[in-house]
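Next come the structures, one after another.
One chain, subunit A, appears in both complexes that follow, with subunit B as partner in the first and subunit C in the second.
Entry: the complex of A and B
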């Protein structure tokens, strides 16, 4: 039962007002990037971007486009705030996590601007819960300066194959090494753990591989502890793109399709681990 | 002291079993209070927070003789898990008999007559050890009277309430429960980080009649919310009781003092008192 879009008290003051018939379209994506307590929300005409960072080396961005929402109204070019993501997720799940068939929780979100809390109205079966979450000054997200003109290697593959590899990765390895090359081994994930070295190879003509554009042989290592944070989003996704640029910075992009067919994107940027030279 | 009782109705037996199983989930030890008319299970969850269960008519036959004619009651401490286990074997019994016996120690002996192919029934017997509670402690287990409350209201669907309270517990230790005589109830938590309020409407208010003890609610402004700040975990504990599928669930609030919760299931009531915190 969707919340009526009647004007609430203070709706007139809302710089950001958004509504969703099914809150799970938002909460599932946010759960996937909840590896830290705080998240920065940026709302623009394109939709909502939620950013979470870890130790200045990893950044996750979830994009929920305007058309995913049943209503999305913005009074300014760009609206930004920071909230405690753990608290937000508890509020979004206030009526419980499991969904009985045909029952969904509707969400209405309202933000009145700097200094105001983020107000959520959640409704299920005629019961309404109102949450006011305190906001903070949004921290400037790091600009990883990753642009497509600088991309040396890119692959797009079906997530199935990556999911298998990531679920088997040797977590005793401090790093995950990614090798991308126009020649053998094409695309390789390697670990160096207590049980020895392990390699996962993806040949360029495999059925899983949808796009293979590698121009230069590159080997880079990334801290396993950082990349572990990307596995939840990988698990939700159906397609993944892996790109590295000339500095060895990594960009992972995941296409996530919800139960009702809505599409959202989650991307990760990660700095290479300092100690290794590029080949 | 004497006690003997018999159950032959399968529905009653299932019912009794469900109640005992729920109690076993809540506590390792409870008190069985036998009076001439009723059998009570008394659970002490914490000092001042007692949970009672009254059973009437679980038994088709019920006879007891208390400590003495002036003190015509029996109080026994027992582990509900033991009764649960014994009842497992009695699931399809034709009849279940319970009596107070003395083996190597005082026991509740439960014997179930099970159906069998031959004309002779099989009987399975369990001796459940109990401890007799001395008379000087009986006052701790007396059924408290319904407090003179300000507002009485039917609870919302317990599953919904449980989901909400479980989430609120992640956010705060203290929860405010408030309700008015217009069938509205709110659950609220407030911390430095967040405030959350869940609004329930059209719940209905139970008619308590004109009993003199309900004088407070008669002078209570029907629109005004009676509220109490309580420990979330105590409310969570109470909501475990929703497993017995009560037919009615209600709540009496003494403003700023006590929340009195009642679950009714046919001829049984489960009452829970939660004192308000500052």
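Entry: the complex of A and C
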């Protein structure tokens, strides 16, 4: 680990200190959920959770587990703060976004507690940049009350097949309709755009389907504009879990495996758009 | 209509749609007994393209509708069905096209790997048939080459260049950029390229001539060149004197593609004009191609309720033409066209010239 990212002077006051040899994976994950400026960071013993919300209807949570960090020191049970995510991403990319092999930016992140800025020490090739980002009063994230006991339908797919569908979705459609059913059409994504409608059907015995647990036919519509923001995380992921609960709330979970084999999760909750009469 | 394309032919179909999308906004689809036609025309009516996919192209081809069914839809929506050409080859096993005229739905069903089924129900509009008037068989000059030759040739011309002049003699093809007037000539960069007849697979020039056409349109027809290259088919170029269209075509046993580009008619060649343009017209100022010369590019397109024997279009009176020209929303610099549509009987093939009845004032888009 580069010397410069080791303990710095003034570390004593940190309630949170975390270090990464390579900032790229963190950058990528945060970029995927940066559909709104403000992000709430919550650090617990398990790791770091970054929450971004849109229109009180969509919530994205990125989980970066403690193992991912080379150092993760927490003095309190849990530490929360809010920062401007766009500014944070700009700081992380301060040495450029080069993905050339052998070139990596190391990060050490310190937070001294309520009212203090978030301090980033970034180092690349012996050059250190210190960034201080003012923190904001953390807003209470919405509790979607999505409880695994209320899940009616669940599928786990290899992301590859879902990526293709999402990249081809008709964006002139206001909604994405998701049908999950124990019988035909099993798992269907539908759009209703200017030029007509389109359906993507995944049979339950497809090679792409790792798990198929549907108990009841459910058809729900979700705002395309909201779900569109989840496609960036989908693009990074290798597996995707799609769940709906009895109220029609949607949970999308993406498993992101970084180059060095470490695993992070990005999770989205989305409210259904409206009641749909089943055809 | 109910047809199924499989394997590599799905990609060919997708490529056909993509190359058409480089020309026009709408796709005109017409199932005939001798195949499925896909056609389009550009907004300034100076380029027209048509694919005829024969019944043998499809694993299953069935036309159940009464004769003369045809429709059009935004080409973008069809392109959306075949969005990614590269993944198409990997993933799509079968493409089923079904027309439901009761629901006014054209359904494309792609059967993909891993059992994934993609269904696109597209809405369409009824329309008249779209057909450019051209007759390849009557063209005095026919060149045939591997598409790569033409692709490489076009590459040499700067992207900003608008027109290119092609001159043929008995043993060579000379391409140069078209320079508009003397003042420009001193500054303008000139590009000239000479291809000897040996470079061509077939080189038959019975009437040495010079034609000028929009390079942009030739680039657009890269579609046909790329298409030809990927299917490893030679491209034929049929043309006559200035003013009559140049036709680039690709043919094999199961498909035929024709790209028709208008050419500039030059005053010096007025006396060569064929039956299309017998009517008198006022010559534009000499060498001033900036003027809005309506006659300079011409693709005749016509409407006919009745099918007649193959014959040349009757010339219209100049007042009719002027009327039509006034109705044109915008007149692009020296591009001009006859335009109409054809209602051929199903026995007629795409390329036959038809006897016109009433030439509509504008194209079929207004007819619904």
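Operating definition for what follows: the second predicted complex is superposed on the first by the 269 of 279 C-alpha atoms of A that agree within 3 Å, B and C clash if a C-alpha of one lies under 4 Å from a C-alpha of the other, contacts with A are read in each partner's own complex, and residues count from 1 in each chain.
Note that contacts are C-beta pairs under 8 Å (C-beta built on N, C-alpha and C of every residue); 3 or more make two chains touch, one makes a residue touch a chain.
Just so it is clear, the structure is predicted and the values come from calculations on it, not from any experiment.
With the two structures aligned on subunit A, subunit B fits next to subunit C without clashing. For the superposed model, the angle subtended at the Cα centre of subunit A by subunit B and subunit C works out to 70 degrees in steps of 10. By the touch criterion defined above, A:146 lies against neither subunit B nor subunit C after alignment on the C-alpha atoms of chain A. Of the two partner chains placed by the overlay, only subunit B lies in contact with A:91; subunit C stays clear of it.
Within the superposed three-chain model, A:129 lies in touch with subunit B and out of touch with subunit C [touch as defined at top].
Of the two partner chains, neither subunit B nor subunit C is touched by A:116. Legend: residue contacts after superposition of the two complexes on their common chain; A:164 is shown touching subunit C, with no touch to subunit B. In the overlay built on the shared chain, the residue A:208 is in contact with subunit C alone; subunit B does not reach it.
By the touch criterion defined above, A:200 lies against subunit C but remains apart from subunit B after alignment on the C-alpha atoms of chain A. Smallest inter-chain Cα distance, subunit B versus subunit C, after superposition on the shared chain: 10 Å. Once the two complexes are overlaid on chain A, none of the subunit A residues touched by subunit B in the first is touched by subunit C in the second.
For subunit B in complex with subunit A, the residues that touch the partner chain are 156, 160, 163-164, 166-168, 170-171, 192-201. Within the complex, the subunit C residues that touch subunit A are 73-74, 76-77, 80, 83-84, 87, 91, 105-106, 114-123. The touching residues of subunit A, counted against subunit B in their complex, run 84, 87, 90-91, 93-96, 124-134. Against subunit C, the residues of subunit A that register as touching in their complex are 161, 164-165, 167-168, 170, 193-203, 205-208.
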